[in-house]
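What follows is a set of structures to go through.
Both complexes shown next keep chain A, but they swap its partner, so chain B is in the first and chain C is in the second.
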Partner chain A sequence: MKITHWIHIRPDVIILDGKALVSTGKGIEMLTSVYRNRINDYPKYFKMDSLSKLGFIASELLLQEEKERLVNVESRAIVFFNRSSSLCDDKNYQETIRDKDNYFPSPAIFVYTLPNIVTGEIAIRNKYYGETSFYVLDCLNTEKMKQIIDDAFQDEVTESVLGGWLECYDNNNFEAYLFIIKKNDKEEFLLDWNIETINKLIDTNK
Partner chain B sequence: MGYIMIVKIADNIISPLGMTSEENYREVKKGRTALKVYKDRWGLPEPFTASLFQGDTIENAFSSFHSHAQYTEFEKAAILSIHQALQQTDVNPSSDRVQFILSTTKGNISLLDDNPYKFPEERVLLGSSAKNIAGFFHNPNQPIVISNACISGVCAQITAMRCLQNGSCDIAIVTGADIQSRFIVSGFQSFQALSPLPCKPFDRDRCGLNLGEAAATVIYSNSAPQDSEERWMPVSGAIRNDANHISGPSRTGEGSYRALRSILKGQDVNSIAFVNSHGTSTAYNDEMESIAITRAGLQDIPVNSLKGYYGHTMGAAGILESVISMHALDDSTILGTKGFENAGVSHPLHISSQNEQTDKTAFIKLLSGFGGCNASMFFKKGIIL
Partner chain C sequence: MKETILKLKQEIIEALNLEDIHPEDIDDNAPLFGSGLGLDSIDALELIVLMEKNYGIKLKDHAEGKAVFQSIAVMADYIEKNRKK
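Showing the complex of A and B:
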């Protein structure tokens, strides 16, 4: 199995296929400036919670690198992991119900109190009808993550996975390591999908 | 990779209807429901109907075999369920060949609202809570939590099948649990998704869902005892997305249909006793499922929903409803859909309104959830060769 493209995003840096991407601002503002400069055709972005914004931007940058952008397929799965689930949005929602006199629960905030919503956002954007899964681990464990992503290929329909670590604690504190992993790809081959490579990519950038 | 036969070796359900699978099945077969109206609960301005644990049910059951107070109600329910299931086996849960898999949507979310026993702040993290649960059984492996909204319980079983299939473990202990709270109920109320009355899946007068509390466990093994006993096998499972909307199901039942199409490959449709649907009793969900089931060619097979007995138990639902369905077929029964009276979906389905007899030994479990996700699983019972 091969990694065809990979991305690492922190609040102050974006590295795409090993090269730093020029961006302005920090935190969510950086993501939004990337949206305006490089995407800008999907206003739904502004309705998303921070975890979804991070996942959306990371996936868009990755997918823009593909020679032929996949749309309308069942063969691509989305498999994400993190530690905090949707806690960032959970805290926002909690504020809306904190006291009786100031009680204004909002469905637009509540819907994002599920970590897998970001996988749905990306599936909708790209018309991916394949598997979408969100796993939560008590800490980033590259071996477990690799095993679960490898296992997604047990579904015979799945030919590639957009997967990896997607963590968002708040608007200024987040981290993404996403990969496009393919069963077979000779044309766009970048790196082998093995634990040594994954550990190198994730450690190098820490 | 060769295909390994996976079998169910134990199960448990802890719910307001009972503390074992057998007790739960008996109550459901009798038509009992745990749904009740709650007024002024958790300071919520509107009443709601739900299936909630009464008083100190969990606390009392837990303290009967363990005295430590360092577990939340959510964790206690999960631990009780796992403990009870393990008692049916000779599995050593502290073995590194055992993998814990937890299905939950909100875990200890109520700690954000109210934390009177001063649990560490990180316990609101699902992985931290799962580690505590697996730690109770001295399991050395990092537990896997799947949080895929309402479909988590089927996803957790699919994850277990895959782990057993690739040999990364020999035993998978799969538990689903969710405990209701002000956080969850207010959110569903804000969506206007809750029915003020007990829900009526697939009925023309249905007006929303009810929430429920439960913990359920199923233990899968990659090695079945070589005997002539019939055992339950999870045969295939699939997860598919609608790619349509984050909070509303597809009008074409796209993801659900595709998941069904995937799991039916190579299976004998005539062996299926019933489809245990998600059947939440919301206008959109039940309509969507009627479309997906029809598109998959299953419109003549009995369809039931268990939401009228338990409400929607969220992370527990996929496991609880699979386990009840297995016990029903062990008893040659297709359970009726409590609350259903008059057909109310555009594609006519054979909704089971009353308990029926069957001699078939396979069923399908269906779930759908926020984020446009859908999951389905095919279960069958047989002698392991």
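Showing the complex of A and C:
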């Protein structure tokens, strides 16, 4: 299996296939700037929580690199990981129910209080009907991530996976390492999908 | 009434994160759901919260909400007649 494209996003930098992307602002403002300058056709972005915004921007930039953008496919799975689950949005939701005298639970915030909502957002956007899953790990464990992503290929339909680490603590503290992994791909940009490569890509940019 | 409509539009834009939409972009009489602003079911729930939080109005059932949320003008009229704060 091969990595056809990969992306690393921190609050102050975006690296796509090893090259830094020109962006303005920091944190969530940087993500919104990228949305306006490079995507700008999906207003639902503005309703998403920060974890979903991060996943959406990372996936959009990755998928824009593909020669042919896949739509209506069952052969692509989405498999994400992080450590803090949906804690960022959980905290925002708690703020809406913390005060007994000002108790107005927000439905729009509540719907994002699960980490796997972001996988659904991306699947809806791209009309992917394959597996979507989100695993909460103790730490960024590349061996575990690889093992679980490899397992996603064991069914009869999955030909590619959009997967990786997607962590968001708040609007100014987040990190994404996402990959497109394919079986026997012939595109030009290729890296082997093995633990050495994964560790190199992740360590190189830390 | 005009003041209520403008204030309501501003509150809805903020509550529903309607980025890049300004009060003057919203037709007072256009449907809020389906066409018009194209709001969804979660937005409807947020509007119910907005009515209670900002105006002390508790919408009791689905049918009442459907009638009240026809358009900005209908909402504003309902608010002026039923507001408790």
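The working rule: the second predicted complex is superposed on the first by the 204 of 206 C-alpha atoms of A that agree within 3 Å, B and C clash if a C-alpha of one lies under 4 Å from a C-alpha of the other, contacts with A are read in each partner's own complex, and residues count from 1 in each chain.
Definition applied: a residue touches a chain if its C-beta (ideal position, glycine included) is under 8 Å from a C-beta of that chain, and two chains touch if they have at least 3 such contacts.
Because the structure is predicted, anything quoted here is derived from the model rather than measured.
> If you stack the two complexes on chain A, which partner ends up touching A:D90: first (chain B), second (chain C), both, or neither?
first
> Contacts for A:S106 in the overlay, against chain B (first) and chain C (second): which applies, first, second, both or neither?
both
> Quick one: classify A:V136 as touching chain B (first), chain C (second), both or neither.
first
> Among the partners chain B and chain C, which is in contact with a greater number of residues of chain A?
Answer, by number of touched residues of chain A: B.
> Scan A:F46 for contacts with chain B and chain C and give back first, second, both or neither.
After superposing on A, A:F46 lies in contact with chain C but is clear of chain B.
> Contacts for A:V22 in the overlay, against chain B (first) and chain C (second): which applies, first, second, both or neither?
neither
> Output the chain A positions appearing in both contact lists, the one against chain B and the one against chain C.
105-107, 111
> What residues on chain A touch chain C, complex-wise?
43, 46-47, 104-108, 111
> Which stretch or stretches of chain C touch chain A in the complex?
15-20, 42-43, 45-46, 49, 52-53
> Mind listing the chain B positions that touch chain A in their complex?
Interface residues on chain B, with respect to chain A: 43, 45, 105-107, 109, 112-113, 124-128, 130-131, 142-149, 155, 159, 162-163, 165-166, 168, 182-183, 186-191, 238-247, 254-255, 258, 262, 369-373.
> Mind listing the chain A positions that touch chain B in their complex?
So the residues of chain A touching chain B come out as 74, 78, 83-85, 87, 90-91, 93-94, 97, 100, 103, 105-107, 110-111, 113-117, 119-121, 123-124, 126-139, 141, 144, 147-148, 150-152, 154-155, 157.
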